[in-house]
Every structure is written in C-alpha cells, then in structure tokens.
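The structure appears below as structure tokens.
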Amino acid sequence: MLITCSFALASDNSPLQDFCVADPNGPVLVNGFPCKDAKLVQANDFFLSGLHLMGNTSNAVGSRVTPVTVAQLPGLNTLGISMARIDFAPWGINPPHTHPRATEILTVIEGSIQVGRSRSLSEEYWICNAIAIVGLSSQNPGVITIANAVFGAKPDIPSDLLAKAFQVDVKVVDQIQSKF
Amino acid sequence: MLITCSFALASDNSPLQDFCVADPNGPVLVNGFPCKDAKLVQANDFFLSGLHLMGNTSNAVGSRVTPVTVAQLPGLNTLGISMARIDFAPWGINPPHTHPRATEILTVIEGSIQVGRSRSLSEEYWICNAIAIVGLSSQNPGVITIANAVFGAKPDIPSDLLAKAFQVDVKVVDQIQSKF
Amino acid sequence: MLITCSFALASDNSPLQDFCVADPNGPVLVNGFPCKDAKLVQANDFFLSGLHLMGNTSNAVGSRVTPVTVAQLPGLNTLGISMARIDFAPWGINPPHTHPRATEILTVIEGSIQVGRSRSLSEEYWICNAIAIVGLSSQNPGVITIANAVFGAKPDIPSDLLAKAFQVDVKVVDQIQSKF
Amino acid sequence: MLITCSFALASDNSPLQDFCVADPNGPVLVNGFPCKDAKLVQANDFFLSGLHLMGNTSNAVGSRVTPVTVAQLPGLNTLGISMARIDFAPWGINPPHTHPRATEILTVIEGSIQVGRSRSLSEEYWICNAIAIVGLSSQNPGVITIANAVFGAKPDIPSDLLAKAFQVDVKVVDQIQSKF
Amino acid sequence: MLITCSFALASDNSPLQDFCVADPNGPVLVNGFPCKDAKLVQANDFFLSGLHLMGNTSNAVGSRVTPVTVAQLPGLNTLGISMARIDFAPWGINPPHTHPRATEILTVIEGSIQVGRSRSLSEEYWICNAIAIVGLSSQNPGVITIANAVFGAKPDIPSDLLAKAFQVDVKVVDQIQSKF
Amino acid sequence: MLITCSFALASDNSPLQDFCVADPNGPVLVNGFPCKDAKLVQANDFFLSGLHLMGNTSNAVGSRVTPVTVAQLPGLNTLGISMARIDFAPWGINPPHTHPRATEILTVIEGSIQVGRSRSLSEEYWICNAIAIVGLSSQNPGVITIANAVFGAKPDIPSDLLAKAFQVDVKVVDQIQSKF
C-alpha cells in the first residue's frame, strides 16, 4: 500500500552546482547550509547506514521515526529530498502532525496501517502495526507534532487562551500541559 | 507595532504574463485558477471595498478574520500576495493556527495585542483588543486552526488516537469533540 | 478599499529552516542575508515599533513611505514578505514606480485615494489624501521611482539619449535632470 | 563583447513534463499557456526562421527588436528562455526599459555598443551601431519602455501628477504626452 | 544503507490549493495536469496498492522499476514527490540514467547493492541483488536511460554522428543500435 | 534559424537584491556563490570580451563551445542566465549532451546546422558548419556530454555493467573506454 500523506507545500531547493555537501560547522550560517569544500567531499557524505535497524517504540505513542534528512546525511543539502523509517508497535500511532516545508509519500514495508486525513486537516494520523518508509520533498522537512507544539510549548501558551481555543475548562488544559 | 508571525513556507506563485485574473467558474480546474479573458478584465477585478468595516467578533474566540485572498479579489491570482483584517473583542484571541502556503506579517492599526510564539511552534496565538492588518505571501494562503482541525475533523479522528496523542482520557477527547 | 497594485513578479524566497534572522554585519555576503546564530535570536528580531507614527510628507511629492523590510526587521529574512505605511499630504502623490522583486497589495486605513494603472504600465501611481498599508511579497522588494531612476541616475544617462527616448529637446532633459 | 544587462528577477517557469508546446488558441487561459496535444507537436513548433533578417530601424529611436518569445515560438512554453535580435542604425538607441519577468544577457555580433546602467536603475540604455543577440530568462519576458509607459499610457496618467513626479511644468508633460 | 543518488535539479511544483488531484482525461492540457473536481475526489485518489509485489526482472538488465508517479497515483499532482520500487535479480543492474526533473534518494530494503557515481556523471549505476525503495522530488520525475536514449532514439541518431561522439567505428554503432 | 534545444528543467535562481557579483575566492562556499562587497563591484564584473573570437575546432568532434557562465562573468551570479558561442568545423558535431540545470535556445549566426532530437531523448545533437549563439536559463547550466560521462568516468564504470547496459561485448566497452 502506498499513500500520499500531506497537503503541505513542496519545498523549493534548487541546487546551483553539481553538489553542495552541508558543512554544518562552518563559520557562517545561511538559508540551508553552506557547502563543504568540494575537494574534501567523500563517498560517505552521500551514504548512511542504519535504516535497517528497528526504531525503539517504547514510548507514549508506540511509534518511532528515524529521519534521514540533511542533519543526518550532509550530501542531501540543496537536493530537496529526504527519507524516514517509521516503526510502529502494535496499536502504535503517528500523532497528528504537519511538515512545514515538505510533502510526504509513504509505503508500508511490513504490516498494516490505518490512515486518516480529513479535508480540513493537512496533518495526517495513523494507527499502525507496521514498518513504513516515507519520502519527503525537502532535505529539511521539519515536523510539528500538534499536541507537543500546542500543549508543550516553551514558554507555555497561556492556559486560558488554550481553554478558549479548545473550548474546555482551564483545568483540562493544565492537566494536558503537565504531560508535555 | 509590527510583527512577523509565521515560520511557514513562502508560497511560490510566478506570474507568466502581466495579469491572470482568476476565472473561478471556468470549465477547467488547474493549480491556482485559470485566467479570465483579458478583454473582459475590469478595474473592479483589482478592487474590493469593505475592509473598513468592523468584523463581527461575537463568537467563541472573540475575534474575526476578514480575508482578502484570490477568492474575494480575483485580480490576486498568480500574484502571490493577500491581506486580511482581524478584529478582536476585548480579550478576544486568535487561536493557534498555521498557514500552509504563506508567511504572514501583521501590523496593529488600533489597540494593543499580546503575541506569543515558541520555537517549537510555527503557529502563533494572540490575545488582543485590537484591529490588525496582515499581509500574507500567497493569493491563497490557507489556514488551519489547530483546535478545529484536530477535534472538529470530518470524519472524526478516532477519539482513542487523540487520547493517546494528547495523553488525556478518551472522555476528555469526546467532550472537546462535541464542541466542534 | 483594497487594491492590488502591481503586475510585477512574485519573489521567490524559500526558507530552508524554521527561521534565518538576517545578520547584516556578518563576514560573508550571500544572496539575501546570512543568518544570525539561532542562540542569539531574540523576540525583538521579529518586532518593530513605529509604524503608528505619521511619516513626514513635506517633500516634492507630498507623500512618505515608511518601509518595513528585512533592512528594518531582520526576522523577515527568507520569509518573502514585507509591509510599508504610506502617508499622503492632501494632493500628495505616489509617483510612478515599480518593485523589481515583489507584488504589492494596498489597503487605505484613513482618507481616500485615486489610483491609476494602465495595461502597458506595470507601475502604479496614485493621487491621495490618505494613510495606507501595503503588503509586499518579498522581504526586500526594492523600488524604482521612474523619474529618479531616469533623470537622477548617477552617473547621468546622456541627455541626448533621453531626448531621443522621450522625444523632447535636450534642454528639457537638462532642465529635468537638474531637479534630481 | 558580452554584457549582462538587467537586475530584474529571474523568471520561474518549471516544466512538469518533457514539453508543453503553447496552444494559444485553446478554450482555456492559464498562467502561461495550455499545451498542444503531444500527438500534434511538430518539429516546426521548436524552429523559427527569420532571425538572420535585419530589423527595420527607421523609427524615432533608430533601433528594432526582433523578439523570439513563446508568442513567436510555441515550443518555448514552460522552458523559461527566449532570445531577441536587436538592430541599431548608426546612433540608434535602446531606450531605458525593464523586463518585469526576466534577466537579460547580450552579445554584440557586429559593430559596437555603448552601454550604461546605474545602480539605482534596473533599466539599461544603450547607444549603438550594432547587431546584438540577447538571451532572456523567460519565455515571456515582457518589456516596459519607460517613456511609452509613463507618457503614452492609455488612459493618460494625469499630467499634473506627472508634472509633480518629474518636477516640470504641466505644459512640458502635455508636450511629451502628445508624442506618444 | 541509504544513499542519495543524483545531482539533478530538484523539481519545483508548488501547490496553490490544498490538493489538485490529476485529471488526465480533461479537455485541456496544461503544465502538469488539470485538477479533478474536488467534489469527486476520493480516498482512492491518494492510495495505491501493489508496491509489495516483486517486479519482473527477466530482462536484459536484470532489474525492474515499479514507479509510483502522478501517472499511477493522481493525488500526487502538484505535490512534488514520487516513489518507486526497484527489484534486482542477482547481478542485475540499474543502467546509467538521469532524472531530468528530480533528485533521488534510495534505501535498500533487502539484499545488497554496489553503487557508483563519478563527479562528471550525474547518472548513477548500480550492481545489485536487492529490493530498494526510492523517493523522488517530483510527481513526474522522468527518466532517461542513456543507452536507450542514445542508441534507441526514434528516429535514429545518425550512426556517423554517434561514431564520432563515441569514437568508435560506424559498424559498432550500427551493431548497438540494432539491439535497441 | 532559431531553435529551442532542450527539454531540461528551467533553473531557479532568484536574486534577493539588485546584484550579487560572484566572489569565487571568498572564505565560505554556498549554493551558487557568495557576493563580492558591493563597494568593490566594477563595470568589468558585468562585461566580458572575447566572444567574437573563433573557437579552436581541431578536436575529435570538430566543434568548440566558448561558455559565458558565472565562472567567466561573475556578474551573472543569481541572475539565472548565461550564453555560449559554438564554432563548428565543416562536419563538426555537437555530441549528445544534456544540461542538468538549464534550458537552451540557439541561433545560427553564420552557416548551417542540422539538428536532431527525439522524444525519448532530452539531449540534442547537431551536425553543423556554423557559428551559433546559445542562451541558457542558468548562470551555471552544467553540461554532461554523454560519451565522456559514460565511457570516460573517473573512476571507470565497470565495463561489464556498461556491456550489459549497452548490450555489447565487454571488449567493445574496453575499446571505447580507452579513447576517453
């Protein structure tokens, strides 16, 4: 089963040379990453091992994302593509989230997955017992997990604002915030 | 006071001719809108009256957004820009939200506004008693109000999934969903 | 009244990370601006006060633009959006101009405005007695005021060339150039 | 001699298939042009004869531009490139102009050319006795010849506004307008 | 093992609305595809079954690509992402090729793969006994298999031109052309 | 005769300021080039002499490309355009090639040219006795000459892989590789 999973904007990363391997420790910060000296580029800048390893799903949502973005694989810089492996424990979920800089495509390698997405929602959620591989149209797609972003923001979003936004009692907001 | 309010992706709309006034009722649907016949374009396709009128803030969040996007002003098609007026009742809020296809800039015309945004959160929220004008870098910026999108999705996101994602009891989820 | 005011190209600024606050004094110049160290970013990088102040319109054209671009508000870097306030004295004008890197949308906050634009002209002009807010689809939209650019260029455009281009006597060109 | 001649924005035309030959007479207007049925595409859609012919320079500015854009060569659609031949009579000029959707590069094939451009001016002007070939980064670059656009606009820009913008007497404006 | 496999340009597909499911049989052809009426969009437009099936590798190169692009999955339209499964027989190869509109990222699901790419070559080749999943940064990445494109072109590239280009005897060219 | 010669992707280079003259020797490498200090920019950064000189066509393919890209003309940086002169000896050829980051348009200045391109081939080839000028939609278009890239790769593509890809004997591959 293969599913496209996001309404988000395709990212716009245009390489202006054959490659620009990310140099995350360079003296200057730019939009994206500056490039490593081409003479120092090695095959390893384009390879990464470890995506065959199962992610640890012993957590509150029963799933684990192993990302392969420009942060893990510097050769991805400027190329506008990344991947991830997602492992789900039985009844694990992928909580509602969005990628601010990428669209996503997902294929199930093993197991099965229930997917949901409504028109008013550009986030997707999933209930799964599966291993999945996703492709993302950015080397740095970003991720906003709604629950963390809203109830675990640092500093806190004021609880009376969230109470009004979610139309619940302030106590409920306080209770949810305490979990994040 | 002028504030930039979003981490989201700038939209990428490139006009390929002098103008392409949206023809929303044409026989074909395309990415964006097809263009009205240039001979039928009128000054009114580029003008809109009404942004001087106060929006009705008698609602649960005490605020009202009056958008001026390509849906209201067909001349905006392909131009990659839109505006909105936001009215806030005293203690009105702009609930946490994101724009999937635009960045946003906001200026307060009257009154005062408290704004919050955390690094892990590309949505912004505001507590206000104000009139504000926002500029958005897309003719069709979109908006996802988190609370509506998560708890008011049609069809419903399963409540046990949301309970796990927000780490609350299913009853709390059911209660919130009943409000949306 | 809200008007869209330019045929120009939407600018293409794609953030590749959550934010890249402009560091205009860094050791390296790049397309746009390099980014400030994220650990040094402050709320003030995204806020600017002063747009409530009336601009000084005591000048030859009776108008004043107060821009809020990446030059004034470093948090705008890579976000593809900016704003400006325009004050007009009675019968002030906004002389014919273009923005080489942005489209523009304008709303009148107070007063009235007469706007003109012809199909062969991507510049707009206006006669006004008003305060207006404009949104622009670039963090660095640029502005070319035609009269200044043509007759006030440094070094001068040769007056015989301008005489031929504008089909006037060289004396007229010399006279206009002396004003700029 | 080869010169780059414009500060303007590079146009953003991204083909999403191998080719999309313009169908300018199709039933629908879109940003750019819809595509001709691929089965009807012919070699001639990608070829144009005539650029070896000298342009007629018997006109007020002593130059002639022979454009090769998507309007002349439908195969250019979506490809983001065009060309032009410019012929100059002795002391012919290329009057100040801008291309709203393209950057330009120029090479002199025969003769010589004096070129000027100032920092405050994204238009270029030239005094020439030459044949030149230009490349433009859009299939539909557009051109705004300043003098025509300002003094030959239809309907007229009010002469008192132009008098104020160019700081000349209204009579001078009327006189220039009468030439265009 | 995860490898990035192409120097090619990231494609630039920017959705201007929440979704634009491809309508390949519509009355008009545009850059990309026109959109299906949103009221007729179904969950199946975003789902595809069959990527779990092994591709038939009984062919001259011992490999099979099963693509999932906008041609197979209409919901991918405007989203700038696609996937493919590649099956390799023992000692199967992925012949030198390029994707004109996408960058590529590849992960090996099963087996092992030997990959090569040189700096002067934006194509990659591989010798494998494996199943791989690739992500591509375009909904319509295109593929040019060098050997087919050069020696199997219809109409034929003249054999004396290829003889000169590849510095071999015309007979060798004729022999290779006869295979494609 | 004017021909458009490539299916390749239009490059996406968006200047974010009036100019950004390439500084190839700066302390930092970025996507494209960092900019020279604007105070040090000279007219010569935008001019190049020498395109009137005939290229040396005494080589295996009987043609010579004289490129004018950002490498030769630093003012082209971020402008998304370049040019080249191509000289052909009688019966010279332009061997099959692609530009990974640009589309191309070509005009024959002198002589005649036979051009071929098949639908399955985004490369073009030509048999010529001519001087031609090409425009390219990138300041750094890149070029992949198929024969060199495949048979002259460093390190070598294994000859048994090429034998399978081109369906020839390994000896033929070894023979071709020895020429490059």
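When the chains are written out, they are named A, B, C, D, E and F in that same order, and each has its own residue count from 1.
Here is the rule we go by: a residue touches a chain if its C-beta (ideal position, glycine included) is under 8 Å from a C-beta of that chain, and two chains touch if they have at least 3 such contacts.
Predicted, not measured: the structure shown is a model, and the values here were computed from it.
*Asks:* Find out how few touching-chain steps suffice to connect chain C with chain D.
*Replies:* The distance in steps between these two chains is 1.
*Asks:* List the interface residue numbers of chain A and of chain B, divide the shared ones by all numbers used, and answer same when the ratio is over half, different when under half.
*Replies:* same
*Asks:* If you average the CA atoms of chain E and of chain F, how many Å lie between those two points?
*Replies:* 24
*Asks:* Taking each chain's centre as its mean C-alpha position, how far apart are chain B and chain D in Å?
*Replies:* Here the centre of chain D sits 38 Å away from the centre of chain B.
*Asks:* What is the distance in Å between the mean C-alpha positions of chain B and chain F?
*Replies:* So the centroids are 45 Å from each other.
*Asks:* Hey, what residues on chain C touch two or more of the other chains?
*Replies:* As it turns out, chain C has residues touching two or more other chains at 7, 9, 11-15, 18, 27-28, 30, 32, 78, 100-101, 119, 122, 142.
*Asks:* Think of each chain as a node with edges to the chains it touches; is that a line, ring, star, complete or other?
*Replies:* It is other, because the touches fit no line, ring, star or complete pattern.
*Asks:* Can you identify all of the chain pairs that touch?
*Replies:* Those chain pairs which touch are A-B, A-C, A-E, A-F, B-C, B-D, B-E, C-D, C-F, D-E, D-F, E-F.
*Asks:* What does chain D use to touch chain B in their complex?
*Replies:* Touching chain B from chain D are residues 11-13, 27-32, 100-101, 138-140, 142.
*Asks:* Taking the touch rule as given, give the residues of chain A at its contact with chain F in the complex, in rising order.
*Replies:* Contact set of chain A toward chain F: 12, 14-18, 20, 23, 26-28, 30, 32, 34-38, 77-78.
*Asks:* Please name which positions on chain F make contact with chain D in the complex.
*Replies:* 1-7, 9-15, 18-19, 46-52, 68, 73, 75-76, 78-83, 85, 102-105, 107-109, 117, 119, 122, 133-137
*Asks:* Tell me, which parts of chain A touch chain B in their complex?
*Replies:* For chain A paired with chain B, touching residues are 7-9, 11-12, 60-62, 93, 95-96, 98, 100-101, 116, 118-123, 125, 127, 142, 144, 146-155, 157-158, 161-162, 164-168, 172, 175-176, 179-180.
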